[in-house]
Amino acid sequence: MRTRTLRIAMIGTGFMGRMHSHAWRTAPRFFDLPRDVELTTLVGRNGVVTERAATELGWLEHATDWRDVVARDDIDGIDICTPGDSHAEIAIAALAAGKHVLCEKPLANSLAEAEDMAKAADRSDAVAMCGFSYRRTPALAYARELIREGRVGNIRHVRAQYLQDWLSDPDAPYTWRLDRDRAGSGALGDIGAHSIDTAQWLAGDEIVGVSAALQTFVVSRPVMESQQGLGGIAVADAERMPVTVDDAVAFTARFRGGAFGVFEATRMATGRRNANRIEINGDRGAISFDFERMNELEFFDATLPKSEQGFRRIQVTNAEHPYAGAWWPVGHGLGYEHLFTHQAVDFVRAVAGEAATEPTFADAVVVQRVLAAVEKSAAEDSRFTPVESSN
Amino acid sequence: MRTRTLRIAMIGTGFMGRMHSHAWRTAPRFFDLPRDVELTTLVGRNGVVTERAATELGWLEHATDWRDVVARDDIDGIDICTPGDSHAEIAIAALAAGKHVLCEKPLANSLAEAEDMAKAADRSDAVAMCGFSYRRTPALAYARELIREGRVGNIRHVRAQYLQDWLSDPDAPYTWRLDRDRAGSGALGDIGAHSIDTAQWLAGDEIVGVSAALQTFVVSRPVMESQQGLGGIAVADAERMPVTVDDAVAFTARFRGGAFGVFEATRMATGRRNANRIEINGDRGAISFDFERMNELEFFDATLPKSEQGFRRIQVTNAEHPYAGAWWPVGHGLGYEHLFTHQAVDFVRAVAGEAATEPTFADAVVVQRVLAAVEKSAAEDSRFTPVESSN
Amino acid sequence: MRTRTLRIAMIGTGFMGRMHSHAWRTAPRFFDLPRDVELTTLVGRNGVVTERAATELGWLEHATDWRDVVARDDIDGIDICTPGDSHAEIAIAALAAGKHVLCEKPLANSLAEAEDMAKAADRSDAVAMCGFSYRRTPALAYARELIREGRVGNIRHVRAQYLQDWLSDPDAPYTWRLDRDRAGSGALGDIGAHSIDTAQWLAGDEIVGVSAALQTFVVSRPVMESQQGLGGIAVADAERMPVTVDDAVAFTARFRGGAFGVFEATRMATGRRNANRIEINGDRGAISFDFERMNELEFFDATLPKSEQGFRRIQVTNAEHPYAGAWWPVGHGLGYEHLFTHQAVDFVRAVAGEAATEPTFADAVVVQRVLAAVEKSAAEDSRFTPVESSN
Amino acid sequence: MRTRTLRIAMIGTGFMGRMHSHAWRTAPRFFDLPRDVELTTLVGRNGVVTERAATELGWLEHATDWRDVVARDDIDGIDICTPGDSHAEIAIAALAAGKHVLCEKPLANSLAEAEDMAKAADRSDAVAMCGFSYRRTPALAYARELIREGRVGNIRHVRAQYLQDWLSDPDAPYTWRLDRDRAGSGALGDIGAHSIDTAQWLAGDEIVGVSAALQTFVVSRPVMESQQGLGGIAVADAERMPVTVDDAVAFTARFRGGAFGVFEATRMATGRRNANRIEINGDRGAISFDFERMNELEFFDATLPKSEQGFRRIQVTNAEHPYAGAWWPVGHGLGYEHLFTHQAVDFVRAVAGEAATEPTFADAVVVQRVLAAVEKSAAEDSRFTPVESSN
């Protein structure tokens, strides 16, 4: 039956486009979904590139103008995988056209845009979900279950680090991610945003104020000939382009419930490839996670006899664990792309009314407010800055 | 062009069938293959089950008699995912019919059958590959590169453990894997075979003799109502079925080149979910691996200054590493199923003449001879037993 | 010959006194020292307690008035193991009397006192050393060698955490360490001071400004009957005493050379017993350390071929490593007390002119200035606060 | 009072002598012992060397003939730290003279000698203890408590590896440990004996039969000029001496209670400095230990809900843990020498009748019988060989 199929148009042909294609293709094979999924149209600015990508990635057709696609009757969902500067316009148009929307993070490059998007979502009955994919890591989803069941108790410490090193070499090439206009910010919005969302979601609490510092270590980067991925930035004859975003950010945070947060995000932590780490300590226990070992959760139960206490390395690959039952036998780990497959599953279920939309655009605005407060604090001598709406 | 498509028929609808389907579907999306791949026909004994599985797993059609399928002109490759007792008959027929064959491991339930299969492969121009999928783990493939480059030097020690615990509970249910007639052996052939293949392949050397012991801890298992996966075993009214295979095996081994091996495989090592481990120590270095952390290889370089030496945790996720370049950015790990996707890639490339077939049926016979020697030694008071052909 | 013996008087009979006694006793047995060491006099307020302690800990005699002892001709060195509020008075008197001084950290409870002590040290020819014992961890001393040799390159990140959990239980008993008058501060001065000293010493650089936040989670603690270790605080009939220091502190820091620091210290990180951790990332490499595995240093060499890079677990137990050659065969680790034995060794060598005094009181003042800036920033809305002298 | 002091004579001035001296000196400072300990006499063949060592190590006097010392009235205990070929003669004489005896492991170089020593111990009222020091590792002592309390359940697997690499370099110098006459055997008796004792002690069970293989990789070693530690071997003008012991050993073992053991010991496992590892899997749980991280025990509790299960890293440094309460705060680890201090404590308590002697000479004979069975099996094509007494 026609209404049983969710027809997706995806905008963006880069790394995330490739990832999302795999997710849409794979989700129905491993999960019992309430809708069939059709990879209907791939949308990109460059027709030649997009046509080739559509074939490679398994989309039925391609298009070059997202506005046309958003207007089509035979599209049910819009998947936005473009840089942050176009998120608001596309998402608002899509929601106005009654489409379900999955939008990559961070929701927008500015808080004002993000708030507009959340308002558009409020006005719509459609699903509007933001792509904080790390929520779909089985180990983190399981950590959240433990925390909600009170196994960690009252939370005192939230300690989140997102450490990468792909910019550690001062001659690593320029990319649109280093341009403030396209990317909004650097490590802060790209990876710090993940930490903020994960922290608030796990803790079930919100950050109410921050004291922050930003740092750019390498102020210009070489431009590679025929460079992909500049997303339309005019690089002209320049040999090096200025870096207009942060390489690293760190901030302390106060949570509404009294927890004390320490956050750090950097793309120059030599040796750390993708160390998306979080640790939460409460008065009854603690959890600790590092995405470099994504199939493992460390759990500490402080209610056990003292001599038996210790961080427990749980392989979150059991049938009882979130998402894991759809996959392989225990101990046979999952990889990075599974997060996106799980996200596709949750999106389809939300569309069918089987599950709540998580995270909503409103949830993403909460993250965006923290990003804005971080930038404000950093600009004002790291002064403690409350997290608040833009108006 | 028609000949550019490799049309696959897969026999078997269980866990491995699901895995292989994903691999055939995914390989062409991430790797630039010399052939298109078509998931043509899924074959299973039970028509109803097979039809449903074909739809779920993405096969164009289904069939119930593998003999018919092997005879078809419009099938190019046969993928054998059945229990070991049917491997020989199917593979020999498929090769005789000019089909390329990918056969799950262990190659057969007896050495004689395996040798017959290798002879059939010799007589054929088709690709005949055995599914020792762990060779396709990027970390292990990289370990092999290091060893071949002499980075470990002359090998003294090979230490392989394959530790699982899914049978640790004495009331874990009966399965065909516990029946000698269907499975050939227990931990030995199921997981020990992987260790043997990995060890010989990494070391670039062959085991020439073994001294072995087998152990069955739990001698009968309860049969579950309407149990899946018994593979046609008549369980009648029995409440418990006898376990006729080993729960655990251990053996010492001598390699032709002088290395000293210690092997252990068990499905009752409480706490170890899928610890497929191998360590190799040479006079210039060492490598160490545990599949529970499949994206990491530990490498020790004994040629560095003494004070700087240490096992180095290499995240085998760089573009420079085997297979890894086709996937995600560095530090974003892969999962278990990628081994099978890589295997599909290597199979297609072998069919197109772009790569050697690895492992061949002959390579698998070498493993089978070790399995036979292990059983013989265990039956004869663990006496040292040379590895030799069956005749 | 008499002048070849260094006669020590130690003030303080608590945990640190016991540790230092072991160090004085053990150092000459394992290291070839330029002076004999005599454990001459143990000094404590309570005569009965001190007499018993002197016997247990191996001191020749005991005394109750440190002023008398400092004035004696037959004492060469004063070892100060009292709470921070008495450090300045004792140390200044001892230096004035021509004694060599080893003073536990933090040097004093206020910056002004610490600066007075450093001035007294300047006026004296005697050795004045501060007990930042972690500098004597072989793994950290080796890390410093690597950094000084340029193996980490230009430093971008300094990431220091000192996580303990002995106050995690809200009913953990009151101690003098929770009293601002006696202890100066809480986690900040007790353990954060170690992180600051280690960071500056490893980096070979100084912190020039901080933005900080302090947190007290549990505002009062129960007093145990006949409680040891209250250091003279009148607890009267109180059942609970107010906690007047921080439970946790976090701050970002700027180093003179451009490095970006993130520091956190807490005694309420449930599950972390003594995780004194530091990681430093530069443009050529990185080091990472956790005192819970004190015999190991993780080193990342970014100048190796990309595919071979990884954090290397170096067991810092080789004869080539700092201090390690005096002890056991490689791989046989050391424990916490070895730091103090090494400190005693370095003190004796400094007294004999064989080695520089490290850290000097001036070095400790540098730490103290950071502590003061942290407290000032925390009191002023986390505003960025330069590190400067008190006048 | 005279009878309150235990006067020790120690025979042997090498590495172990230094270690035992530290233990005797340190034990009374940290533990409340029922006897004072006096380091009375150090005994060594070479008067000059022994005199210097006595001074360095803190002994009151020295002697060169152990027979004289054993006969003295003013000596209460004999501590034997010589190579294995002299253990029997000294121990039997000392026991005959009514002395308490602590004898380093392995108890003797042959089973017959060991049995004679155990008989001598039976005839005596004195304490006769064998120095299997690893029993005094807090983490292993705690593992034993857990196992005795049934936390691991019925034991199926015992997996013990003792991996060192100090002989990995083929030009590592010759030592008496490579001479069969002095050392008895190589890796087998030196380190494999520790694994056997630890395994039987932890499991509370005995090995009843083995199937073993021995390996010597490097058949001769260079002799260093003026080499220490040859223990009287005449090296004449030889540039290289033949290695007459094993470099490595591996064996499977059957325990009386049905457990299945796999043992490996080697001094050529490049990269492994002192990896004395043991893992035990039962039907209710598992423990896992590696001496390279001696302060940690991994414990797996299979009775927890499946989703919560995982190996728990317990830092065995709590006051509740064996021996640990006498030392530092939680999380501040111990080192290798603490094993010997704890052994001294247990010896003194056994002498005073406060504790049982553990391990007795009879316990050590049980180990010796396994060593003999291993050598016999290795000599007979690895045939399964029962463990039995020598007559």
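A, B, C and D label the chains in the order they appear, each numbered from 1.
Note that in this section a residue touches a chain if its C-beta (ideal position, glycine included) is under 8 Å from a C-beta of that chain, and two chains touch if they have at least 3 such contacts.
Note that the structure is predicted; figures quoted are calculated from it, not measured.
A.B. asks: Taking contacts as defined above, which has more of them, B-D or B-C?
C.D. replies: Result of the comparison of B-D and B-C: B-D.
A.B. asks: Of the other chains, whose C-alpha centre is the longest way from the centre of subunit A?
C.D. replies: D
A.B. asks: List the centre-to-centre spacing of subunit C and subunit D in whole Å, with centres computed as mean CA coordinates.
C.D. replies: Chain centres of subunit C and subunit D, defined by C-alpha means, are spaced 36 Å apart.
A.B. asks: Starting from the mean Cα coordinates of subunit B and subunit C, work out the distance between those two points in Å.
C.D. replies: 55
A.B. asks: Indicate the whole-number Å distance between the mean C-alpha point of subunit B and the mean C-alpha point of subunit D.
C.D. replies: Spacing between the chain centres: roughly 42 Å.
A.B. asks: At least two other chains touched by the same residue of subunit B: list those residues.
C.D. replies: Each of 272, 309, 311, 315 in subunit B touches at least two other chains.
A.B. asks: Show which residues of subunit B lie in contact with subunit D when the two form their complex.
C.D. replies: Touch list, subunit B to subunit D: 152, 156-157, 159, 161, 165, 168-170, 211-213, 215, 217, 248, 250-252, 254, 258, 260, 262, 264, 266, 268-272, 279, 281-286, 288, 300, 302, 309, 311, 381-384.
A.B. asks: Where on subunit B does subunit A make contact in their complex?
C.D. replies: Where subunit B meets subunit A, its residues are 15, 19, 21-22, 25-26, 29-30, 56-58, 164, 166, 272-275, 291-295, 315, 317, 327-338.
A.B. asks: Sort out for me which residues of subunit A touch subunit D in the complex.
C.D. replies: 142, 297, 299, 305-315, 318, 320-321
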